[in-house]
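Below: one structure, written as structure tokens.
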Amino acid sequence: MKHLFRGGRRKVAAVMAVALVASLSQVAPSSAAEKPKSGGTLNVGIFDSFPGYCMADNLANSALMAGRTIYETWVEQRADGKIVPYVLEKVENSADFKQWKLTVRDGVQFHDGTPVNGDALVTSIQSGRGALTLLGRAPSPGTAGGFNANIVDVVKVATNTVQVNLYRPQVDFLETLYASGRNFVRAPSQILGGAKCSTTPIGTGPFKLVSTKLNELVVAKNPNYWREDANGTRLPYLDGITFTFLVETASRVSGLKSKSLDIAMFTSAGEVKQIKDLQKNKNLTTILSAEEYYPSIWMNHRIAPFNNKNARVAVSFAIDRADFVKVRQRNFVAPATSIVGPNNVMYNEKGFRQYDLGKAKEAVAAYKAETGKDLEFSFPYTAGSTESLANATQIQKYMTAAGIKMNLLPLTTAEIIQRAFPQQFQAMALLLMEGTGTAFIAPFVISDTSGGNQTHILRRTPLAVLYGILNLSAFSDTTSEELIWQAKATANAQARAKVYKRATEVLQSEARMTTISYLKYALAYRSNVKGVGELGLVNGGDRKLMTNFGIDYTGVWKTGK
Amino acid sequence: MRGSFWVKRLAQLLITVFGVTFGCSLLVQLLPVSPAEILLPVGSPEERDLLTKEIGLDRGPIGYYAKWLGEFVTGDFGDIYYSGGTEEVSGRLATALPRSLLLMIYTQIVALSIAIPLGVWSAYRVGRRADKVISNTLFTMSSIPNFAIALVLVLIVGVRLQWLPTLDYQPFSAGPWEHAKHMIMPVLSLSVGLVASYTRLLRADMIATLREDYITMAASKGLSDRRVLWRHAFRPSSVTLFTSAALNMGGLIGGAIVVETIFATYGVGFEVFAAISGRQYIALQSMVAIICIFYVLFNLTIDVIAGYVDPRTRDRRINA
Amino acid sequence: MNSMMSIGNLHVRFATPFGSLEAVRSVDLEIPAGASVGIVGESGSGKTVACRAAMGLLSGSNVQRDGTVVFDGKELTAMTREEVRNEFGTGMAMIFQDPMTALNPVRRIGTQLSESLRLRLGMDKKAALARSAELLSLVRIPDPEAMLKKFPYQLSGGMRQRVMIAIAISCNPKLLFADEPTTALDVTVQAQILQLLSELRRDLKMSMVLITHDLGVVANHTDFVAVMYAGEVVEQATTAELFANMKMPYTQALLNSIPNIEMKSGERLQVIEGRLPNPVDRPKGCGFVTRCSYAQQKCHDEHPPLLDAGNGHLYRCWYPLGHTIARKP
Amino acid sequence: MRKKYTIPTYFAFGWLGFAVFLAVFGSFIPIDGYQVIHGDFIDSPPFTSGHWFGVDSNGYDIFSGIINGARLSIFIAVVSVGLGGFIGSLLGVTAAYYRGRYDSVVNTAFNVVLSVPNLVLALALVAVLATNVDINEAVPTWRRLITLVMSLTIVIIPILGRIARAATLAWSGREFIVAARSMGMRDRHIISRHIVPNVLPALIAVGFLAVGVVIIAEASLSLLGVGIPDGASWGGMIARGRNDLEYNPHALYIPIIALAFTVISTNHVGDVLRGKLDRREGRL
């Protein structure tokens, strides 16, 4: 099945079909006949650390997988991409898509015994948009504030029902509520817990916290978990899971091979060699995510040289994407043909500048003619990471060929992240955009995620920067922005997709950013791990088998002792 | 006389601790950006002011240090700052420190118990083939970084032979064997480099000792070579070795970052690294202070041991 | 008179980075039982090396020893290290020049003294310590019980040397090598130590080899004398014969250079003008030629053989003292 | 009296000479730069034509890395050990010679630096010193290099300084020093003529040992992201090759062999030099 995701360029019309086939083929692996067994613990090796569990602490990829054993989301995504209620019972919306009524499922409770109700939902959403006013130090919404800026207010209309009012109509509001799996059902007791918000996650998930450190998360079975399997057995099956941050790829590979780990996760960004090796291993099952992760080269419009279009065009033309994928990723992923991948609704090849050295040189000459300067920029990469250096060096090679001077900027990851969102770099590569929908695309290409709401709650606070902070290219493109808002207001799916694609075309023709290749994730598990991807969602339908945040552990069980 | 030596030595060590911690606190002051800005990247100016006051950064270098020190001696090692709240450094150290201490102690025991016989033997066979083989093997080993040794061990012992788990730490309470299984490989990878340097130190001192008349004297009494080596030559040759071992303590507690990462034996080294890369300078200051205190304690212990091993040093100290 | 030790054609070579160094060349020496033999020479003349080689105390990959050594009827040079070691303490013992360096600084006097008693004579700890105290009083150390608990650095030089003598005689050796036992000591103490050694030798019926650079010491405390120079025995006779009928210019030079009383302990004596020849690159003639005021051309060209002057008086010189040919002024 | 050298000594001198030659003239050797990515040769084993030592999994030619890495590795080692040794022995010798308050200040300073683990010290120094106010202006390689060398030098100073101090303490009590003092010789003269020649052999032995230690320390630092990021060093190559152990072991073992040769050679040369300098060893 994995070959389905590997293909190169695909026709737009084929995308949905591919997604569908993919989702069908992902269901029910061969172990379905075995009866799940309760008990046992798993050791899981991951490649991200745990920066914390409060709103502003963004759990990345594999750490998100771990965090999602404690936390669930109000809504979930089906394998076909549709967002469906999960901890919510039902969702209703007004005809203009500006009012959304969310009803919480009855009988769900947090790990500390407090009930999940309308108040909890209000607290959760308010904390995510930075609207909580608290005594002492208020928990910052962090970058989540930008995602939720279209929300005007949240009111409880019944014990378990909450109404969310939006500033701009948003057909895909549930995608925002899902936030690619990141908008957790956090307990108010955690959110309002003051000093412990970052270190004591309290959720509704199948597992609850035992202990956590920067490098480790230990969770144990939540005996009061609300879901049970088809046979009426209480979920989850496992007694506990230990997630360990193993930054060295070799540690994860050897951990699996030496049976110190049951499961380990990998990324195609730099670990292709190891993934291919694991795929050959008979004792392991290796599953891959779809290529739904779109790392971009962001070009800062606020400062020279990328305030000049010719500069951006030159860079976009200069990158030999096919060569990059061959050299750096061993053809494991597809070279980019748009700023997003074929699975995304915004995918559009029009206006996307493919490798063309001649045109790149022309653009460099045009830049020189306009500004009188040679095209030169700095590019940060993670110091100490061979992969990061090799990627940057590879890009530098293409730039040099086109007559562009690219200076490498070695910085620590912390420095890069800290400087990225205040948009201080001239250019940088960062994976932000992902998924099939637009909830995790739009905020990064919009200059004001509040949709121009002048009365927004954050407008007069320092946190107002959050509206545009996610747009690392720091541009304001009214045409594409309006198209995106217009698409979000369009009820008809096909018509909506068309508008989105037009927005993409505008972004690409202005060379706001560019993409080199797409990315995917891999997860390998040993043969004693069963039930991966077998448990469906609560109202039928399956999850995606594998994503950037790995697998779901609710239905996973373990053979043997 | 002896008493005054120890008072002097203790004072010296206390000054060391003060020096290190004050240096760290100066480092915090010297940062190009305000620590409050680093610790609260999305905070409001009011919040940052509050934090600056809370940490004591508004009091100037001396005031800040005095505040930190006052809290440190009462067991408040400061906090690690998250976007949503804080975590006490002491909690982190409570899990990390025992791991690092055990790792360090085991490593020293293993390194010394390999290096001592090797050093004595190669000094005894100086210039012969055994000595040359030992020396060159050790030099080769010492030029392999410990992380490379760790990875080779993992590949051979963990993956190919499947004898030992490659990851994780188990406390002694989980059973001695369980504990040992998880410690063997990290300890071995850290030991190799030390074995090389210890053997070399001991060998050099032993060679010098074996030239002494009292060794010939001992031989002329009709004692066996083994007895001459161990009873007569080893002790007077071992002071440099133990002093050097004491100097390595700090490095092993806080500097085993890479090996700790490979084996997921996350100890103080990892915490220090995380504090540096996460810019948790307040936490860093306390952690370095703790490492320094242990370093000082171990050095004091070694002083006592050295006085026992070589009574001349007692005499020398009194004269010094 | 039967022989206690007989050394035949002893050669000792050291391999050095500068080439092979012959420290002892063809030394023949007879040590009669019960006698005291003095070996005299400057520093570096090979006397210490010869004795240590005879005992079998030289070890190391760079040492090569040839020749035969027969001790008490047993051929040491044909024995294994283990067998030779069994002769140490009970058969042969040695007193070293510098008691400062020859006592282990980190072990107590009692431990060092009782060690050989326990290991060589099989005494138990208590008996060994009791015997140690006796030995200490034998070498006239006051309050021996307290001395047992002390470390060497807490003792004076003379006391240390007495301790060392006590250690050497602890197992009643038949042959005692005393390697410059007094050089490191004050002049006043020197006489006491030598007196003590002579008395002990008589009382315990030991043979003794007294190595020294001081012909004065030899005259009073030995029966036979061998003079060594540059690794060779250059003159050999009974003590009385040697002083009565000195043949070698070198021996005479030694006699003329009486150690300076003000000289610091441990300092090397430069008793005769000039230097010893380079042991790696020896002159083909007489080794003393550059320093000898009587040297002739023949001395430069030919190495003198060991000649017999009668009465067992051997010497190695083309133009011995009393020879009639013309001398340089 | 000319000393005869053995074959290993010739080899050691030869290798070090070669390494120093590479360090000085490596950039003039007509081969591809170490940063050129050979996309078609990724994972090539050693003895591939055109790539004698093979290519690592990122496409970097290992031969080129070894040639170019010599420069940084040797430079860092020589400068930090040389500078650290010089400053350390200057402090150590004078402290032990003059004693008193100056000595206790120096000794305490040594202790302070020694009690902080090397890696931590270097990490902290680089974190503070190698940052730029304008984020888009890359911290120039020379500044990173200086910071790195400085950190390593600071690490070396107390190590060699303590040895110099201890050795000086032992020697300055000797009669000839006391005699020289009593004859009214100038301190500078006594130090340079009487103490330094006696202290030097021990320092040189440890100094040569420190060369290997520094090269490896640089490897650990580049692993932690504070080395010379875009430079090739043997340590950096070892650090980069760590994840290739199972797939391309040559990316790991070839730089280790180069490093091992250098460490063994420096140690051997150190021994030989010590033998030459230390006349006392000439005695038997």
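Read from first to last, the chains carry the letters A, B, C and D; within each, the first residue is number 1.
Everything below uses one rule, namely that contacts are C-beta pairs under 8 Å (C-beta built on N, C-alpha and C of every residue); 3 or more make two chains touch, one makes a residue touch a chain.
All values derive from a computational prediction rather than experimental measurement.
> Which chain has its C-alpha centroid at the greatest distance from the C-alpha centroid of subunit A?
Between subunit A and the rest, the longest centre separation is with C.
> Specify the chain with the shortest distance from its C-alpha centroid to the centroid of every protein C-alpha atom present.
Located nearest the centre of all protein C-alpha atoms is chain B.
> Between B-C and A-B, name the chain pair that shares the greater number of C-beta pairs in contact.
Of B-C and A-B, it is A-B that has more C-beta pairs in contact.
> Suppose each chain is reduced to the average of its Cα coordinates; what separation in Å results between subunit B and subunit C?
Inter-chain centre distance comes to 50 Å.
> Report the inter-centroid distance (CA atoms only) between subunit A and subunit B in whole Å.
41
> From the C-alpha centre of subunit A to that of subunit C, how far is it in Å?
Averaging C-alpha atoms per chain gives centres 89 Å apart.
> I'd like the Å distance between the centres of subunit B and subunit D, where a centre is the mean of that chain's Cα atoms.
Distance between chain centres, rounded to whole Å: 21 Å.
> Give the residues of subunit C touching no fewer than two other chains, as numbers and ranges.
Subunit C, residues with two or more chain partners: not present.
> Two or more other chains touching the same residue: where does that happen in subunit D?
127, 131, 223-225, 239, 242, 245-246
> Which positions in subunit A touch two or more other chains at once?
Residue numbers touching two or more other chains: 248, 250, 254, 412.
> Which residues of subunit B touch subunit D in their complex?
Subunit B residues touching subunit D: 12-13, 15-17, 19-20, 23, 27, 30-32, 136, 139-140, 142-145, 147-148, 151-152, 155, 159, 193, 197, 200, 204, 247, 250-251, 253-255, 257-258, 269, 272-273, 276-277, 279, 284, 288, 291-292, 295-296.
> Where on subunit B does subunit C make contact in their complex?
125-128, 212-214, 216-225, 227, 231-232, 235-236, 309-312, 315
> Report the residues of subunit C in contact with subunit B in the complex, numbered from low to high.
Contacts found on subunit C: 52, 55, 57, 59-62, 81, 85-90, 92-94, 96-98, 101-107, 115-116, 119-120, 151, 153, 164, 167-168, 171.
> Quick check: in the complex, which residue numbers of subunit D touch subunit A?
Interface residues on subunit D, with respect to subunit A: 35, 37, 39, 42-43, 57-60, 127, 131, 135-139, 144, 222-227, 229-230, 239-240, 242-243, 245-247.
> Considering the complex alone, what residue numbers of subunit A touch subunit B?
43, 45, 49, 51-57, 137, 139-140, 142, 193-199, 213-216, 242, 244-248, 250-251, 254-255, 257-261, 412-414, 418, 461-463
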